[in-house]
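Order of writing sets the labels: A, B, C and D. Residues in every chain begin at 1.
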Amino acid sequence: MKKRIISLLLVLAMLVSAVAMVSCGNTGDSGNEGENGGNGANKVRYDVPAEGYDGSEVTITFYHSMGARLQTVLDTYIPEFNKLYPNITIEHSSQGDYDGVRDQIKTALTAGNQPNIAYCYPDHVALYNVAKAVVPLDNFIESTITVTDANGNTSALGFTAEQIADFIPGYYAEGTAFDAAGTMYTLPMSKSTEALYYNKTFFEQNGLSVPKTWEEMGKLCEQIKAIDPDCVPLGYDSEANWFITMCEQYGSDYTSLDKNGHFKFDNDTNRGFVKMFREWHQNGWVTTEEIYGSYTSGLFTATEGQKCYMVIGSTGGASYQQPPQVDGNALFETDMATIPQVNPDAPKVISQGPSLCIFKDSNPQEVVASWLFVKFLTTNVEFQAAFSMASGYAPVIQSVQSNTVYQQWLDKANGINNLTALSVKLALSQSNAYFVSPAFNGSSAARDEVGKLMQSALVYTGSDVDAKIKELFEAAIYECEYAAH
Amino acid sequence: MKNFLQKIKFDQWKAWIYLLPAVVLLLIFTVWPIFNTLRMAFWNGYGLFKELGGELTFEFGIKNFKWVVGYGGFITCLKNTMLLTVLTVPISTILALVIAVCLNAIKPFQRFLQTIFFLPYVTNSIAIGMVFEAMFNIVGFGTTMPSYGIINNILGVFGMDPVNWINAGSSYWANIAVLTVYIVWNALPFKILILLGGLQSVNKQYYDAAKIDSTPRLRVFTKITVPLLSPMIAYVVITGFIGGFKEYSSIVGIFGDDMQAVGGESLNTMVGYIYKQLGANHEGDASAAALILFAIIFVVTMINMYVSKKKTHY
Amino acid sequence: MADKLMSTMHEKDMQKVTAMQKVTKILVQFLLYAFLIVMALIIVFPFYWMIISSLKNTAEYRLPVPTLFPQEIMWGNYLEAFTAANLGKLFMNTVYVGIVSTILSLVVTVLSAFAFARLEFKGKNALFAALLATMMIPGELFTITNYVTVTKFGWLDSYTVLIVPFLVSVFYIYLLRQNFLQIPNELYLAAKVDGTTDLKYLWKVMIPLSLPNLISITILKMMGAWNSYVWPRLVTSTDDYRLITNGLRDAFTDMSGQANIPVQMAAVTVVSIPLFLVFIFLRKYIMKGVSRSGIKG
Amino acid sequence: MKIVLQNLTKVFPSRNKKSNEEVVAVSDLTFTIPDGKLVGLLGPSGCGKSTTLYMISGLQKPTGGQIFFGEDDVTSLSPENRGVGLVFQNYALYPHMTVKQNILFPLQNLKGADKLDKNTMLERALEAARLVQIDNLMDRKPSELSGGQQQRVAIARALVKMPRVLLLDEPLSNLDARLRLQTREEIRRIQRETGITTIFVTHDQEEAMSISDVIVVMKLGVVQQIGKPQTVYDNPVNLFVAKFLGTPPVNVFKANVKGGKLYINGEAVLDVPGVADRDVFAAIRPEGFIPDENGAMTCELSSIEVMGRDVSIVSKNEAMLTPTIRSIVDADYKVSATAQNVKFNLKPHKVFIFDSQTEERIYFGDQTAPETGI
């Protein structure tokens, strides 16, 4: 009998707890937003609380993909922020990589459990925007509401004109790639781009010059192949970046924000360069990470067997292009240059690296506090400098470059064991060349599809190249349209 | 009599108390998701984020199903799924049967070998996908100095030319071959375990009787072992079909999220399609596809059961 | 009838038959072992590959012609695996989740299986059929809905969320019900006559009699905890609650996404060993459970 | 075809790995089974009779000794080459085949000179089925048959290929009493009709006695006595055989011989000339008692059971080793049910005297000492 009672109690307890759990779930939130329709030329707006930050205690969660070293930097500067706003607690966690952050937030949004701040790429923000979950920042940026910090200093909640001017324009503009009105959804956090790494020693030994255009690149590959027939002269890490960058350089269509026809990349110019690069690949001039079956930096730094002498890859991965050392002596010296261009007078390089977005929340004070933290991270010179030095990503504000510590770090750049600084230097020097492509629901599919298209075209060995390329383009468009339906 | 009726009533609610924990949990974590799937599948153009964004009003219809079936890639997914199932289920079942029978026929090292054959069951699937990729991979295929994975090195020992299994430009059938090997490898331990268990519970006298009657080995296998094991074989085949139609992770394990070799044909499957649609915020399409998949599995299982009822004995 | 007797041995060459018989026997044994050993090698090869890879350095792992034995044994990979991935904590989490969910799952499963096997109530067969049907639905779609549910319950980042949603397995209920059904009903009636309560009967008779199956379920459930990946990744965000496979996948890639495969293999080896040991020591029960699962249904 | 077993020995290794005790199932067995006879291997469980049968079939390999079929040494021949038929205790009918398929199965395996065409096979199967009277059940599955029917199918399956030797392992143990009687008669009939040398194993002496041409009594792996059933019954070689055969069983007494007389409980009950004085066991068949008011042997009467033609007198005696003394006498003898005691005279050829140490027979009266083998 005793056991029967116990079992009954057990069962009842389970039932009660289940019911309790159902009933005490949070009731979701739709936030307090006053939007005046995002369709036309009007920007989407978010109603900033009239009192600004009221000093209330809030906890802010921040999802990112920082490794251990970068988290250390972040942890050093959070106390700096808390000196100004002691009631704002920052909790941050790494979600692995960028896709990890996106996947986590995607699921979290369905349950209203999203973080306050997150690392983001434009494509991700476009995705979150379908759920109207991202806070448009224009009202914050323009806000003149005064905020008083713990030291008693007052300042405007928004940016001053100087602060806006301090941002590297190409980076700042990324935040507006989402609608025709140019609503600002993100602020840049730290940035990278693609650069051409080359084996300086090899180039000097053979009297080769660094290519400025794709035409020169083609000739150079032929030359290098003649010198070392076993090599693949060039490795290009990302097929999708390659395609998108070529579109931008040629001025041909890639995608557009036009809801009636997002995908415009099937055109003669684009088919033309795909065909050209296919020939390069067939000549053994170029390979990519997917095609090669391993990382092209492995080829670049190989000490025996097959080699490559140039790599176009992210400036964020500069340390992997560092020359191998034997007994403390580098086997060669690496140098960097802007990637080849169609028109070297108006260079175009892709802008990559994380931005920050803020999510809507039922508590407006959490949104304001998040803004304050985002503002801190993007405008604090010391933090931007420290973060750049630790990550090898470029800072997003220009004033960092006049920071003495940072200056000294940049001066130590070299092509043997401090390629990181060298890459940042290059990234900063071409700040006029950055572009971003439009971000909308489906833009990530376009990126995936052109990458696949590029791969498939390059490895095609049949005879009817034009027909194959046509087929690939049409298939890619079909997949994109389906993905965006 | 009254007492008896009371007893029945007592039994009624007592049974439900025993079932309560299971039923409550199933209602929350299984039944509700199924209803939600139905809701999403028959809501035209449903997307979870669209609903969250407040853009969506309910509209009942079968538009999602039309999208799914009308999509060219869906047929590819269906074809791949079917092909892999039709290839791997018979191969793995026959192989498992032969191995189980052989295992049952030996004495020394039986336990040792049995343990070995169970190994794949206890391995981490993520790890094994990586191992298989490394085994078939060719780094730098098509260049002048490729380096081959172990499989091609083994082929080389037998004087065969290296095959491009999974790398850029590999053929569809090479990809399918690798997947078949991988899936069969993965499926073997469970099947061997079930079939060996079945064999060990078969009365040994049937085999003695066959021996007395001078039955050749092959005939013992086909006329006695297989029929006596038929219930287990049916079970293994049915679960194999269900598993086969849910194939997904093995393809991601070897070919990555693109689910195809570079420049190759798509190897995507039904479940892969569902995941892709979930990734693209097409929860409506994904739900519709899941229901289609359910229907297919249901029909195939019914056919299987019908056939096995006819073919299995006693 | 006697005229049809089988031909006698005189007609056959006795010595030849005896010799043939010996040769056949040896040949058959040889073929059996040869086949089994070849298959075993194929089965084992990925393991071997995993283990030797875990002992290579990165450079050797990437050699154009792979070596079958590491030139230099890198035990350090194992150390690195443990330090880089916080495997210790994740390991403990996995063990905890595995044990608790197994115990609770057994309780739920035993109670339900008992109800289905021994008690009479309205709608029993319909309910059971409905349960079996849910096994055929691809579970992938449950994930999102269940995520919303557990979030609403406020369970994210807790042990609860790792344990509760998957406590009930229709398969286990089915398996155990079949087992219970094989226990003669007379025993139950006899116990009723003796005034034994259901629970006491369950505890004293049914459970001991179906112990092998219960152990099999325990092992399968533990292995499930060991191998689960998607769900824990979704619902946990800190190392306080993450499970071991999550650590495996995420821990060994560096900033540019290049994986240190030897270290990853070391971690995978470490993760696989407990499961392997469990199988070796409990093989008997796993086999019994499987062969008894009453597939004849 | 006659079967010769020569020094046949089977030793099983111990099941318990830690102790090295071996189990000797059959020890140094030597006897000949004449061609065309029905032989019953008889003994209590564990006496090695089934092991012997399995060694003859080839399913078990002897540890030592030889087996001859006719003139051929088949010791190392595997069962598939011996051409024997075997009926298993549980019949081992293939559950997935119909009766017809079960019976056809052995025929389909025949090779070489024995190979049959399809029609002959069907004919033969039908013939075998008719022989065991199951030809109307050909399309049923074993699960649809009664125990007796299954048993007959098993015999038909063993017979159909016309084996040179037919072996039956406890063929009747799964049947109820009526079926058992009926079936054993049928086995006898079939054996007669086919003339196949047949060996069957049983622990039931009545069964063995009733149908065998020859019985072989075994105990703990050793043959005790071989002979025609009646001979063995009438002339047992030792106490074990005497006790094992006969229903109701023989009555055993502690006794002694003194001066050429057998004393039971102090009474001289029988003359045994030529036997030296010593302690003995006396075994008296139930039919060996003659009630006689002046009888030599006095027993305390317990009860009288009248069974029609016969009367069974149950009595007691201090020297008895069995729980009661059961004697069966003609109903003509009138014994008062209320009497305290009952007195008997003994029929000399129904009294067997065994040495109390060796339990071997020591007095044969006018009988000759039996042989132990054929």
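Please note the rule applied: a residue touches a chain if its C-beta (ideal position, glycine included) is under 8 Å from a C-beta of that chain, and two chains touch if they have at least 3 such contacts.
Note that the structure is a prediction, hence the values are computed from the model and not measured.
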- [ ] Count the C-beta pairs in contact for B-C and for C-D, then report the pair with the higher count.
- [x] B-C
Open item on the list: Taking each chain's centre as the mean of its CA atoms, which one is most distant from chain B?
Closed with: D
Open item on the list: If I average the C-alpha coordinates per chain and also across every protein chain shown, which chain's average lies closest to the global one?
Closed with: C
Task: Distance from the mean Cα position of chain C to that of chain B, given in whole angstrom - done: 15
Open item on the list: Centroid from C-alpha atoms only, then distance chain A to chain D, rounded to Å. What do you get?
Closed with: 94
- [ ] Between chain C and chain D, tell me the centre distance in angstrom, where each centre is the average of that chain's C-alpha atoms.
- [x] 53
Open item on the list: What's the distance between the Cα centroids of chain B and chain D, rounded to whole Å?
Closed with: 58
Task: chain C, residues touching no fewer than two other chains - done: 62, 64, 107, 111, 144, 198
Open item on the list: Touching at least two other chains at once: which residues of chain A meet that condition?
Closed with: 7, 22, 110, 294, 305
Task: Residue list for chain D, restricted to those that touch at least two other chains - done: 78, 81, 83, 161
- [ ] Could you list each pair of chains that touch one another?
- [x] A-B, A-C, B-C, B-D, C-D
Task: Residue numbers on chain C that touch chain B, as the complex places them - done: 28-29, 32-33, 35-36, 39-40, 42-47, 49-50, 53, 62-66, 107-109, 111-112, 114-116, 119-122, 124, 127, 131, 134, 136-138, 140-142, 144-146, 149, 164-168, 170, 173, 198, 223, 226-227, 229, 245, 248-249, 261, 264-265, 268, 271-272, 275-276, 278-280, 283, 286-288, 290-292, 295-296
Task: Residues of chain A defined as touching chain C within the complex - done: 1, 3-4, 7, 10, 21-22, 24-26, 67, 93, 95-97, 100, 104, 107-108, 110-113, 294-295, 297-298, 305, 314, 316-317, 320, 391
Task: Residue ranges of chain D in contact with chain B within the complex - done: 57-59, 78-81, 83-86, 88, 90, 92, 94-97, 105-106, 108-111, 141, 143, 157-158, 161
TODO: Name, in rising order, each residue of chain B that touches chain A in their complex.
DONE: 17-18, 20-21, 24-25, 28, 47-50, 52-54, 67, 71-73, 137-145, 147, 167-169, 258, 260, 262-264, 280-282
- [ ] Flag every residue of chain B that touches chain C in the complex, lowest number first.
- [x] 8, 11-12, 14-16, 18-19, 21-22, 25-26, 28-34, 36-37, 48, 95, 98-99, 102-103, 105-106, 109, 111, 113-128, 130-132, 134-135, 139, 145-150, 153, 185, 188, 193-194, 196-198, 200-201, 217, 231-232, 235, 242, 246, 271, 274-275, 278, 283, 286-287, 290, 293-294, 297-298, 301
